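Each of the next two complexes has chain A plus one more chain, namely chain B in the first and chain C in the second.
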Partner chain A sequence: MKMSGAASVAIISACAFFGTSATAQELRVGIAAEPVAIDPHFFRTGPNMSLRENISDALVYNNQTTGTIEPRLASSWEVDGTEWRFDLNPDAVFADGKAVSAADVIFSLCRVRNVPDSPGTFMSFIETIEAIRPEGERSLVISTKGPDPVLLESLSTIGIVQAPSDEPLEYDEADCGNSDWLSTQAFNNGSIEAGIGPYRVTSYRRGIDTVLERNDNYYGEAPHYQRVVLQAIPENGARIAALLSGGVDVIDAVPVNAIDQIYDNENLQLVSAPASRLIFFAFDQEGEPSPKITGTDGKNPLKDVRVRKALNLAVNRAQLVSTTMDGIAEEASSIVMANIFGANPDLPRIPFDPAQARELLAEAGYEDGFTMTISAPSDRYRNDTEVAQSVTQMLAAVGIDVSLETYPQSVYFDRANRFEYSMYLGGAGADTGEGLSQLLNLVHTRDPERGLGGANRGRYSSEKVDGLLQEALVTLDPEARRALLQEAQAVVYEDHGYMPLYHEVAVWAARADVHFEPNAGQYNILYTARPAE
Partner chain B sequence: MLVYAFRRMGQALLVLFALTVLVFVGVWMIGNPADALISPDASMAEREAAIRALGLDKPLWQQYLDFVGGLMQGDFGNSFIYREPVTQILASRLGASLELAFAAFVLAVGISVPLGLYAGLYPDTRLSQAIMGFSLIGVSIPQFWQGMVLIILFGIWLAVLPVGGRGDTATVFGITSSLFTLDGLMHLLLPAVNMALLKMSLLIRVTRAAVMEVKGLDYVRFARAKGVRPYRIVTKHILGNIMLPLLTVLGIEIGNLVAYAVITETVFSWPGLGRLLISSIQVLDRPVIIAYLCFTALLFIVLNLIVDILYTVVDPRVRDAIHSGGAK
Partner chain C sequence: MTGFLREFAESRIAAFCLVLTLLFAGCAVLAPVISPMNPYNLSAFSLDDARLPPGSIRMERGGTFTATLSAQEGVAEQEAGEAVIRLVEEAPGRMSLTVDAGGAELEAVRIQGLPRDASVEGARRHPIRSEWTVTNPSQPIVIETGSMTPAVLNFTVEADLPATATGTAFALGTDSYGRDMLSAIIYGIRISFIVGAIGALGSMIVGSSLGLAAAWFGGKVDAVIMRMADFQLSIPSLMVGLLTLTILGKGVDKILIAIILIQWTVFARTARSVALAELRSDYVDAARGLRLSPVRINLRHILPNCLPPLLVILTINIASAITLEASLSFLGVGLPLTQPSLGMLIASGYEYMFSNLYWIAIFPGVVLMLMVVSINVVGDRLRDMFNPQLKR
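Our next item is the complex of A and B:
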């Protein structure tokens, strides 16, 4: 995997000859996945959300690194039960010089449901909103169906675009009585701007690059670089070559096997931030028999908490992180990552104890183990197959007759949704930057009607956890809510409802003379980049 | 001649039809494109909305009929992910693929036909052996690895060429291409060489084998005995007669260069059709996959047709055979 010693030395010495690739006013970024559209509401997917953060401000900014909500288009807000009042920043102006108004906000939030032809909307972020009414031009009141403690986090994902009409729409949960929703193509070809942001898109060439120019009328702090070019370089080797040759200044999604090479290169630096995404194995706790388990007379051993505990004890997380992930991950014992709201610092690390694992298996009646195939995707998460292979070996070491099957993601998640696995590798992040959404998604009883437990495909279910999360859903007091989330995780921990492995660490690599700030949401934040001092 | 062309086209349509059915059933068997597209954290309501928007809530046969219905009006449908007409998306990538194929083709033919000719005429010289050794290496090296080596060598080590992307383009006579700018040509060179190397190896071998076969035939010997100048023997008698096998191979190879540049385009981040195909397969973007494969099939059918027509130009025997009715 790693380049031979001679070759990497050659590369390092070659790099010393490099001057700057472009003027200091331009930043070139090699990105693994390109945005599918410029339209901020079109597609809920990482690359699109990453671009949106730079070109189309939301009402607020969710700083996942510090865990605080910062003002953006809304300069201030106050909450009273289910009523949220926002004051808009009068200095925030669109390209035509008009300041952002309540009509624009209502139009944008309503467009989320009505964006034409979207392959994946942001609907779940606005589901709790019942009504929006303007209060004059520069203020508005959003009322939610019940108390919604994460409304700000949800709103931070919705970019505000300019409404075609000055007249505010009547907000409802359908089409708001409107039919002109602005086509995604118009955003892509530049005839409509994506909103108000530190940058604006001046050229979008799919498969090639996206060019951003500094927005000189921006109401906030002006970004340093006049021009940013996002070059789509999906191939890992090609992306690293582009950085080494000086073709780009920054790359995202640095693959694990390139970490050492970049670390050793004095002209380059690694920039990383712990990310909220938990990589885990989920246990099928519903099927009887479970689809991929045999040798148990039709019983599903994973329903037995002793077996789940045994499997958890059999995994050496320290080794997984240090060897398989080359240190680019944080060991996990629970769902929510340490510096995300709702993390439970009191839960001890899950020990690595194969002896006790064997005892527990014997106690549960599986002295001779059982036969199980575990499932993993091969192209979804960083090093997913290698991680699954390591876990397979660790489980085999405590006497389980285990084998591994891997699928490309195009096949994998479809099967997971049809519950075809017994124990499967998955990942789930805190999309809104706090723990509640992650817990609702992963550990709440699966309830498609209400959109709960969507990633809980092992169907872990605990009345107590459900009760705690339901309560957290309507608790506005942060400390009380935090306590509820922590308690829910303690229950899951005791139940061994999941096999948490590690939280991902997002890694960028940049030239040593570029200051680039990492982001826990794995977004490329371009407006804080500048030459290093 | 015309009847012949029409019959070929009829066959081609049948092939295309079978192809679309295959892709539909194939993608359907692999999984639900909605699951490959949407965020794993998405709610059920979002998932259902996506499935509806993509038309995947209808039964497969109806999806297929809708597709055929659109096709009758020349509409291949919209990409699942970009939601734009796939013909438009393919067209936007075609230029990059064509110029890469063109450059690789010129390099490959320009170098390998003379080399093959030499190796065939003088098989025992040192140079010929060197040429054949080179061609053996060329076919043995995996293109992916070879591309990386080229990048490390010329892009990072010597640092004389850019390592990826298409570079600047310019528009001449309505054609936008990177062939017209220096920056574009610099970007084009490495990927074109990477693709040409494999084709060169093949073409050298085909040319040499054909030359060696032809040069021993009676008419060449007769010409030589008659005292025809060697230059004329080579250009008229030998080159003219090796055109048939060469044309066949070239026809297929041009198609391969345009349609299957997947590896080179991936390694060099070249924004052509190959990369589009790979990324579309990863997310099961069925409309793009189908349109791409139909385009590819059509491309090969047309190229074969052109080759067949060229046969009649270079080989009077074929022309006579067709005229006398035996369209074979």
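Our next item is the complex of A and C:
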């Protein structure tokens, strides 16, 4: 220990000595997962969306920390029923000096459906759009199929790229009568810019780094750093070592068991924001018999609300958060996190009560428990295996003969989609920064055709919840919508439809002399980074 | 037998390693009797004991009082069970908190939900959450909130009564699930040893049968079997293991299949080469002349003469089967998580190396190393003894 302390001090001082010339104008960030493309419409996944936020502005910005929508390329907007009118910012110019026009916006929204070989598209974000018509060069009107209360949140995820032609396309739900869609390859090799953003990508090397340069023609506040280098360091230990040695200034996704070490190091600081992603166990509420349950004469005990309640009561969430997660999480009793739109503050904590859990099991006819294997991914969420094993332990303590199986995520979610689990660990966040999308994804009856209940692989289904969510989908009044979301959660709470565990907390670590702002969507916001005062 | 042992013990190191190996074998057989607790019984351990250093004693938690206080102008009083929690303003921005648990000493007090700029004297702030912990607090506890006392101050207080020691000690500490490392290691040895021994024995049976068949039939059979072995040897063994387990799933039986698939080649090659030499011997011709069945000639006449080299390979392959199982478990495709083998214990400890929780990875690592080294030394010694060229 003494040795390693001395060694790391030596390394840090050596790096400080050699590295000073670069630090003033350059920020180096060690990232756990690298973007797989520069193309802003290619892949709907965390790392890509995080990069997009820095290099390709959308019409609006969804500030999940304050819960407000801020103007970006659209300087103002107004809504009248299903008609949304946006005015574009005339100062926002592309690399060739041309200001963003309605044609660019229509092209970008059309392109979302037409990105070649996209492994996961942004299509569901533009699903409600019926037509787009330009009104002069600098404004446009988007009309939706019905009232869409979350249109702005949806549009905030789609970067606007420059259209090859000045003539606006005719928006439809297919190819908009166009065939030239700009290849992802061209974005990646730098021959096309990703749009208008505080930074521009100057070099992108898969598996090594992504280099960003400040966009000096940016219409908004200029970022501080001239250059930002995003280094891909997927291995936890290596990422921390890079930070300790001064190789990088900031790292994201700080692993739980390194928190204390960084906290105690006065040259470093931790930056965190509660993240909306709920980590939960889902119960198979459809299979009979359920695939991983035996000893019940072919019945599925998880269909019985008393059994689900018993399992919920058997889990000591406080201990899970304080011990297994080292306090880097917030206990959850319901789906939507406290400061997110739609959270229900009236639902009490789910108590830890193993005695009552045993009683409920006995009441349901399982005095001697039953045999169940629960499933968890081994490399998807922070500490996923540890959390699953801790829960396994807690369920064993109330008399269920339980064991745990884990799979790498490449196999895990395929099996989940084939309903091969009885009780499985999952996670789902509020993509758009409000509770409706999260609830539609988790508790709406599963209906892949309509993109509903996508993460509801336990197939929880309640007509009442479906009705409330469908109503919320078309309710524009925020207070009425909030009440609907809260009521839907109260129903799920009573049904014990899920076993919510905790909401994640996103943690970054940075050098003490760098000011780095956390982001609730777990994005790396580079343009607000600056030297600390 | 005593002569054999005496000759074996001429190498002191080999003798020492033989004793170690037997010791590990003893652990494997007697694990349920000698281990302090059963690490497979999930309800026997609790997260309360997670990550304790070696030599810790299992503590029975005392009670905890929890109360949510809502202080007006820095003054509040709240009952929590038998305890009374009081907050009094001393000066602007300075309040003192008293937890009166009927005169009982407190072990720790946690204060949650204070505003970010507040501070608590003598407390450690949680790196992320708004939570201050005072261990062995000297009452009253002083809370400072800057120059002003806020009009309303909401926070939660949790006070722990002292834990009482139980008779159980964790000689080698506990892992992140509160599992006793010593018991986990003893059971880990059991799994590793059983998997190693059965795996290597199985490969010997499969491998030597195929080797004998190849030698006896010759021609096409020989070519097919030996090319299969060559093909197999060209694929790295870990990859064969990973593939097998990914396809078949987890479990001891699947690991055994993987080990046999990997190791049969060595036995087959050795058995074939020795058998080819023996087939030219007169006693085989004699047996053939007696019209004995090929099976009988192979098993009763040729096999016994092939055994010495095969047995040497067996011992060495036990060690390599143990390593293979540990590697596969380390990579997370081996055994179920709730039945840890040594490799899996090392893997879960590896995560904690950066947090200085060395015991979770080091102890199983050392045991695995000792086990593999001692079996290898025993194997080496046997090879030396059976090799006439090395005999003095």
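Just so we're on the same page, the second predicted complex is superposed on the first by the 512 of 533 C-alpha atoms of A that agree within 3 Å, B and C clash if a C-alpha of one lies under 4 Å from a C-alpha of the other, contacts with A are read in each partner's own complex, and residues count from 1 in each chain.
In this text, a contact is a pair of C-beta atoms (placed from the backbone, for glycine too) under 8 Å apart; a residue touches a chain by one contact, two chains touch by 3 or more.
Quick caveat: nothing in here was measured; it's all calculated off a predicted structure.
Superposition of the two structures on chain A shows chain C fitting alongside chain B with no clash. In the overlay built on the shared chain, the residue A:Ala428 is in contact with chain B alone; chain C does not reach it.
By the document's definition of touching, both partners, chain B and chain C, reach A:Pro408.
Of the two partner chains, chain B is the only one touched by A:Ser118; chain C is not.
By the document's definition of touching, of the two partners only chain C reaches A:Thr324; chain B does not. Shared-chain residue A:Ser272: touches chain C; no touch with chain B. In the superposition on chain A, contact of A:Gly237 is made with both chain B and chain C.
In the superposition on chain A, A:Ala396 contacts chain C only, with no contact to chain B. Ranking chain B and chain C by residues of chain A touched puts B first.
Shared-chain residue A:Gln25: touches no atom of chain B or chain C. Taking Cα centres throughout, chain A sits at the apex of an angle toward chain B and chain C that amounts to 50 degrees, reported as a multiple of 10. After the two structures are overlaid on chain A, the closest C-alpha atoms of chain B and chain C sit 6 Å apart.
Residue overlap on chain A between its contacts with chain B in one complex and with chain C in the other: 237, 408, 411. In the complex of the two chains, the chain A residues touching chain C come out as 1, 236-237, 240, 255, 257-263, 270, 272, 316, 319-320, 323-324, 327-328, 378, 385-386, 389-390, 392-393, 396-397, 402-406, 408, 411, 505, 507. Considering their complex, residues 7, 10-11, 14-15, 17-18, 36-37, 42-45, 116-121, 123-124, 127, 184-185, 205-209, 231-235, 237-238, 241-242, 244-247, 379, 408-411, 413-415, 417, 426-429, 431, 437, 441, 448-449, 451, 454-455 of chain A touch chain B. Note for the complex: chain C touches chain A at residues 41-43, 45-48, 50, 126-129, 131, 176-178, 246, 250, 332, 336-338, 351-357. Across the complex, chain A is touched by residues 30-46, 49-50, 53-54, 78, 80-84, 89, 92-93, 148, 151-152, 155-159, 162-166, 266-269, 271, 275-276, 279, 281-284 of chain B.
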